[in-house]
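In the two complexes that follow, chain A is the common piece, with chain B as its partner first and chain C second.
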Partner chain A sequence: MTTMPKIDRRSALLGLGASAGALAVGTRFTHAQSTAPIRIGFQKHATGIGAAYGRWYDATTQAAVARINEMGGINGRPVEIITEDDGTDPKRGAEVLEKFASQHECDVAFGTLYSHVVIGSAPRAGELKLPYFVVSEGHHVASGMLNRYTLQPGITDVKSQVQSMAPFVGANLGKKVAMIYPDFAFGHDHRDYFSAAIEAEGGEVVAKIAIPPTETSFTRYFPQIPRETEVVYHVMVGPAVLTFVKEMGEFFGPSRPEIFGFIDSLEAVAIDSPGLEFLEGTYFWEGNPRYAQENQTEWDAAYRDAVGVDETGASVDDARDVSTYAHMFGCWETLNVIKAGMEASGYQGPADRPALIEAVEAMSEMPEGMDHPQGPKLFNGRTHQVFGQQFISQVRDGKLVVAHTASIEDGMYEDEVDYTMQPF
Partner chain B sequence: MSERLRTDALHLGVIALLVVLFLTLPTYYAGNLSRIMVLAIYAIGYNLLFGYTGLLSLGHAMFFAAGMYGYGLTAQLAGWPALPAFALGILAGAALGLVVGALALRTAGVAFMIVTLMFAQSAYLTILYFGTWTRGDEGFVVPGVARVVLGIDLSGETERFVAALILFSLVLLVSGRLVRSRLGRTLVAIRENEERTRMLGYDATRLKLIAITVSAALSGLAGAAYALLFGYVGASFAAVPYSIFPLLWVLLGGAGTTVGPLIGVFFMFYLIDTASGITLAYMLIAGLALVLLTLFAPQGIAGLVRRRVRWLP
Partner chain C sequence: MQFGPHLLLAILEGLVTASILSLTAMGLSLVFGVMRVVNVAHGEAYMLGAVLAWWVTGLIAGHPAAGFVIAAIAAPLIMGALAVASDRLVLKRLNYDPDRTIVATIGLLYIAQQTTLMSFGPDARPVEPPFNQRIALPWLERTEEGWAWFYPWGLSITSYKLFVIAAAALILVAIWLIITRTRAGLLMRATQQDSETAQAFGIPVGTVYSVVFGIGAALAALGAVLVVPIQQAHYLMGGEPLLLSFIVVIIGGLGSLPGTVIAALLIGLSDGIISVFFSPTLAKIIATLLVAMVLVFRPRGLLGKAPA
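Right, the complex of A and B next:
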């Protein structure tokens, strides 16, 4: 279908005047732009269901920008973070992107976690021609649902995470898996991707137990777990997770199967909290190990120090203030990717946004270091998605101890889109 | 000047003002007008039921979502072009309004509020339950081809504004005529004294069912328009807050006035937008403003104006 070219607002009325004005001040503007800060719009979940994540995403972002500025900024210009609360709501998220592009005149937008906010905002990013770097772990970017202006270069996606868990689960915990997951899109992703991945390992999912999002008690679901189950796979996002764990402990008692879960539910929650004793000996996926490990890298130590997190993953100022350590490194690493992309493209202003995106698309290997303290990464410019190592930790004496590190290759999958084919 | 002419002139003046604002405001504020007009259509639909008929629904998000998903799913799954999908969205809102109205109108007052709330919650959970197709809470992006109408891509700023303006103008002008029509005046009579209206020989239940259906159709139109113009369909629009918002907009702007819904949306939008730049507790500021307005202007902003300008429709 042929579509008419888009009409520039008010151009018919104001075009001549604006052109004359631009000519008159052109030289001064160019000079001002070269020294003005790079403005990065931070779409923060300051309120709503994502607030616990938003607070730590903010702390990580501020620390990363402080480091970048200490190193001289980007292309000789300081970096300024413009923060707007999206309320963890897709409608407000889209409005916030409009504020970044049109009111704050940001160069790029960044930092969104919750998938529905990303998906609700991304169309506007594409329309506003605003590069949108998300830290969401959703598969929405690599699935091809979004657009060329949306990228996820700092954190792996759920498909990759789930897929890379299956070899360890199948080889070490058991082949017959009962899955308990929330009955919404995030849970369905786990159900679908893990089912396929464990079958590839010669295992099978013997039960798929979907929990309605409004559920507050889980006792009636546990009897649905078949007796033959060797591993219970759980991913319960939301405040009901404490009840879930407590009731699961009451149901199984001392003779439980192996249990594997995703830490998402327990981010910002102390693993030794009263009621979570049943988790002792169970396993968790972690994007980045919350507890400093014996083989801690110098990069992780420096990153913890910069962000203000101690060796247990809690704030250095308050041991009860547990961070969202498994995810928030994505903000740190994404900002460093933005910096690298702007430097590679010689970014000067909004006119260089396509060049910035092309520069990021051209990236591939990202070595472990201070820019990537979680570990080495491999970026796929066609799908706009990064791949990295994953961690499986076991709860031992109330601490999370890494039992296995899944390789980058464990999480790779076939391309589902080639964004580089889309026009700017 | 007759009342009818004055009303039409006022509405045309509002439409002209929106055009002027679009041409003169800075880009960010001009861009907001499209969203405000779409939400104002939703508020006008709500106002027809609440402001003119006196029925307080706490479940209108289901009608908004019916329009949104009616349009979005047919475009996404069946590959329908924009206009037929959009028409189906409106139809979905109206059909759901007819069914829910037929059941909910067996109740009245507080029970009506609770029943509509429960229906809306059921609709929300239904969207999550059929996540395979709806993508549940995450939602989905509307295909680009389904946002092209008569060869015009509505994802452009000006095109979006013009489309929103056309829809809003039609709804404002038609609703302005509707509330002054025989039907509209009968609805007001039901609001003022339902028993007396029945005694005069009117079938109040049938008229209220018509009001719910038209209100739901307008809400569905707004939902479909939001998806068409902003490219996103998601379950959060079916959740409880989106049933409360139109009530707040109408209360703020002025229940039972034709321009009140637009004023209410405008006021609330910029109240939150401005307050969020000052403090994280911006909803507290919004709440405080609502309390003050309720105390000092219980009939809303347009209601306040109506005290001086008696003919305000």
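Right, the complex of A and C next:
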């Protein structure tokens, strides 16, 4: 009898302790729910043929996140970037998304450029129900090929780009165009949509020359350019882009036709490199002008400053280290769209992922400003694709000077898909 | 482009490929012939040669030719020294066992590639050529007034590419002279024919092995120094030369130096011509098919000696 109260007291104490502990754990957990970082998985082309882009996409991403965190993060929570190398490889890309979702417990995935990696990874994002914000340019998002979890709100797509370039090419450079492009999805988008766009201008494509993106020697492809060609249209990617452009110059010598290129052919390469003198007077598409222009906006100046790029588009630390300026703004702007979407949907955790996607789908006009330093944008929630202005720059005195700015409307086309009709 | 000028351009491009290829394949063939080691890391010696050339030319200010000349001497020497060290540290300790050396050189391949990735980085970096003038080439054509010279559009080569062809030819002649006319070459040939007997006659077989492994790597590096002003240094650039070198060495006959040169010309020219007129993919398909045919019908290669 005398021992009974002791037992009671012990069990009562135990019970108290346990419930106190549970309470403590409970409060810590709810506390964590509100201030734990938002985790954004960054699928980085750290190695492989996309490495030059990967390095600068990384620099831009880190700068954008530093700015977001300085402004108080997202919904009062800091943002953390989890970086994984995808080797610019589609198979590895899908595995990286898997890691983001299950191992790192990321809220969203972001940052892929190369179209074959996007196409290889996006189905897995759909299966994992992981919002996947790509910065890729390919038409695969707006074409309806992917799924509701894949969005491209920070950079325009190739179809829109070439459509707004074709009138300029047809009117100013010539009607007979020979196209040189990399032999994978991104290059095929150029081939298909530019051919259609230049035909609409009364021009024609006289040759379509596909080059494997891993090629290292190019002279042997150029004889396929017909003599009647008035304009050479080039877009090339991979580690050998400088060789490509140099050998093109050596091939033509003094009698070159007009040349219109996508700056992709020379991203991360100095335009005044030896052997590129023949480019003087030729034209390039630029997503964002590499050289600070006379009418530079205050936002472009502040953005250059934040990313660490000088007025020639090179790193402030090393003038020989040229950035991928025409593309990397897409990372900055996409992260700001993710922030806006999470704030609009009151995003708390993975359960709110569908609400985040709905919030981004509901976006439309994105005014020019510090969140969108490249220029104003118009987002189409049905096709998950953003539209924006494009630049055509001419090489003058070894610098890229904007000669024409295509408006947002120039790049618009009819919807090919309505992702909002797909279930989550 | 017309057929004639087009073919000439294809042959010239093919000759540049063949020149570089004959140097790298010669290194692979020499190592196999003397040491019986299948060096899977050979492509990485090529890659490291290009990276070293980029590094050396970056250190030297002034005219690009000065940097290039020093790189052409330093890169093969450094690469040769690295190869000698890996022979002493790794291959020797495996007693040059054929299976285990393959695995060990695969390991060396990854070490070289990852070390380059971590230090040099993943970007492609250019080396400025010492000189590079475009030379337009004339073509003879029958016109109404008889035969006349004219300059077809696009038919050209650069002075540097011509230099590559000439330099590779000179180096190959030098190697042939060293092997057939010098005492060092005699020691190599003796070791190649029968290493045990050579040892019994007092030839330092271990040293010969180290030197040959070093020369093999230095040849690959030299090929890379020649090619890097045309292409760029990149940490993944060793894959294709390795594959092509194996194709050349199998077709030419493992260990046969003249066979290697003939096969390099065959593969380089056919690669140039087929990829100009058809597609580069078809060129690779045909080269691989050729290897299969050689292996089936003439396993010792074009000029390889039948096993005794």
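Rule of thumb we're sticking to: the second predicted complex is superposed on the first by the 374 of 424 C-alpha atoms of A that agree within 3 Å, B and C clash if a C-alpha of one lies under 4 Å from a C-alpha of the other, contacts with A are read in each partner's own complex, and residues count from 1 in each chain.
Here is the rule we use: a residue touches a chain if its C-beta (ideal position, glycine included) is under 8 Å from a C-beta of that chain, and two chains touch if they have at least 3 such contacts.
What you are looking at is a predicted structure, and each value in this text was computed from that prediction instead of being measured.
Of the two partner chains placed by superposition, only chain C is touched by A:P223; chain B is not. With both complexes placed on chain A, chain A has more residues touched by B than by the other of chain B and chain C.
In the superposition on chain A, A:A196 makes contact with neither chain B nor chain C.
In the superposition on chain A, A:A46 makes contact with both chain B and chain C. In the superposition on chain A, A:S102 makes contact with chain B only, while chain C stays out of contact range. Contacts of A:A340 after superposition on the shared chain: neither chain B nor chain C is touched. In the superposition on chain A, no contact is made by A:A207 with either chain B or chain C.
Touch criterion not met for A:V402: it reaches neither chain B nor chain C.
In the superposition on chain A, A:E215 makes contact with chain C only, while chain B stays out of contact range. Look at A:G253: by the touch rule set out above, it reaches chain C but stays clear of chain B.
Chain A residues in contact with chain B (one complex) as well as with chain C (other complex) are 46-47, 212.
Contact residues on chain A toward chain C in their complex (touch as defined above): 46-48, 51-52, 54-55, 212, 215-217, 219-220, 222-223, 225, 227, 239-243, 250-253, 255, 268, 273-275. Chain contact summary for the complex, chain B toward chain A: residues 22-23, 26-28, 30-32, 35, 125, 128-129, 131-132, 135-142, 145, 148, 151-153, 155-159, 161, 230-232, 234-237, 273, 276-277, 280, 282-283.
The residues of chain C lying in touch with chain A in their complex are 1, 6, 9-10, 13, 17, 117, 121-124, 126, 128-129, 132, 134, 136, 153-154, 156, 158, 230-232, 234, 236-237, 240, 272, 275-276, 280-281. By the touch criterion stated above, chain A contacts chain B in their complex at residues 1-4, 6-10, 13, 46-47, 84-85, 89-91, 94-95, 98-99, 102-103, 115-116, 119-120, 122-124, 126-127, 138, 140, 145-146, 183-186, 188, 212-214.
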